[in-house]
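As written, the chain order gives the labels A, B and C, with residue 1 at the start of each chain.
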């Protein structure tokens, strides 16, 4: 079939772009997004519980805006508006602005993951701890957070897999991840169906392998408790 | 289950790797282009010229997969960008992004100029500073309609298209031409389809979801070349007003200073006829034509007639 | 020992407690009975401030656990601007105080200056002289929950030693900060807590379970561990919130036996329960709650055998014991 021979031809010529650059950048962006997201998301979740009202308000605003607008819009914003606020970004390639947007986006979702992970812990645990005379802080550190982590980690894993797919939007700015490579190859070969098929298969393999690995890891964590 | 997954993955990756053990030998294709590119290397002292373009549009701007970094972005518009930078005494920084994003970039002032196969349209003229036109070979001067091979040569007059569907890229010159030429097509069956990008449009044509596509002739050539003889020119060309025939650059509204400098450089290029050589070299690079066909020798030098 | 003064508790528009007062003496066993929704659990939870009373005060061993409630201190009311203006308009002393109390007329009654400097100063004085840190107060009170609430991420022994160790170490740190000479080390504190925990576990025959996680225990075992967890802090009063309501019938006995032992050894206790036979057996005093107030109060004999309040009679007749 012409279709298959085209695919073979494309892979022969461009396998590096797809497998090395494409997947490489996709994974890089995803790791940056989720690692940064986990860090800032934790700070945000903490800040939301503080008594300083203005802090709570700012964090809530960020979370609501980020969760309420499309990622593509946020990327446009990050690439065209951020450099006006942070001049050093002008000289840097777009992947920096894109990474910042991805981190902010992931932080918002992660902070909600953390918040609901904490809230999912039986409130009786906190009541029992406080009844013994333990401070709020000790109770959180010794009892609540360790149990919340068991709720949070699987959700974080899912966020990672979601981010893998979302990084495809960065292709608007040709940052080099998998979808960018698809556009590039398609632009030279005009073989859209073949290029999209290859890219689709690669994304699927990526997310499939990762979610299987995630399930394994979840199971091993449950066994521990 | 674990084993099965591992085997499947190994096979899939193995298949990909087996077929990819040799890097494509495209050295020959770029030999003429590289000569021009070398001549146009900038040595800027007046700052940096940032240029937005969308490298998904052979032969105007596209990627050379065997290269990396900025050098991987090639095409006619890239040569033009290099030329402008050199004339202005500036360093060149290419900013690749989608076609729509290019326009946003210019509007917000994120880049100085967008050179990405833009045609003159009234709404663009209202919202941007448009440079003088430059000649992108016959890429824009000739606007054609392509079809599946079986329809080749059968549709040569505007009336022939009544009752059929025509597609084009959104916000393009072709869109304007189609509505002007076939605007009175209010027959029951005639439809127009808008596509975000040409690749998708081509797939629609192959799948018979649309009967015809309106494209710039140069793009049509690229499309036909990679279609394995499935697509052909209908033989119909649009009547293109002079003002539409060529490409322009987009600058931010109000940026008269840069606009004047660009126009000066463009005028020089036009009078020295740089454009045809650049376009031909780009066509060879994109694999649409050969060195031989377009009058280059094997070292990439233009054979003077 | 434990003094509950005029507790009101509102959850939004829902008035659960409507003026409850009682005193628990040292060594006394007080049982609270009543239908669901009568406010018994809420009252218990107000005692260690898991619920904060809307009005009223809770005093533990002579120390104030809640904020100062000005409506319980007439001299404070008299110092307020609202009182002064009412009296200036011609109202009598008692009448003014009643009106202010009934209509909750004091503004910013806990913190503000709206009622004047004199009022604020008096409030602060009462607070400073009598208030005890809530955590310190709770350390002297043990609570046992209907759903046990053992710490799922800690072993049985760790459940028991966690509070004594954390609090003990904190006390050590504070003492050092204040410059006092300390003879114990952190390791000592841990060792002591460990010994005590094992002793408590032996007391209930669960010493082999010291290093397992609560999820592997039966309900009855969990509740008994929960009880000794509270005991590890050596509280002066124990609060039981329906300790057997979530247990399968065959395990109720072992938990009630433990509580009986505890009570017999002289532990001051407040118990909310549906186990009438048990209540009759261990209580010194019984309170029947209805609709947010104490409807009947007396010795077990008085309340169970000769109830005066019609609703109490009705309730008891429905409960077979």
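Details
The definition used in the following text is that contacts are C-beta pairs under 8 Å (C-beta built on N, C-alpha and C of every residue); 3 or more make two chains touch, one makes a residue touch a chain.
Computed from a predicted model, the values in this text were never measured in an experiment.
Put simply, the chain farthest from chain A by mean CA position is C. Central chain by Cα centroid: A, whose mean Cα position is closest to the mean of all protein Cα atoms. Chain centres here are Cα averages; for chain A and chain B they lie 34 Å apart. In this assembly, the C-alpha centroid of chain B lies 79 Å from the C-alpha centroid of chain C. Averaged C-alpha coordinates put the centre of chain A at 46 Å from the centre of chain C. Against chain B, the residues of chain A that register as touching in their complex are 2, 6, 8, 11-19, 76, 79-81, 83-84, 94, 171-174, 183-193, 195, 201, 205, 209, 212. Within the complex, the chain B residues that touch chain A are 5, 9, 12-13, 16-17, 19-20, 22-24, 55-58, 62-63, 65, 95-98, 101, 104-105, 108, 110, 198-200, 202-203, 206, 222-223, 226-228, 286-287. Against chain A, in their complex, chain C makes its touches with residues 48, 50, 135-143, 145, 147, 149-154, 162-163, 166-167, 213, 215, 226, 229-230, 233. Residues of chain A touching chain C in their complex: 122, 124-125, 127-135, 138, 142-143, 146-147, 225.
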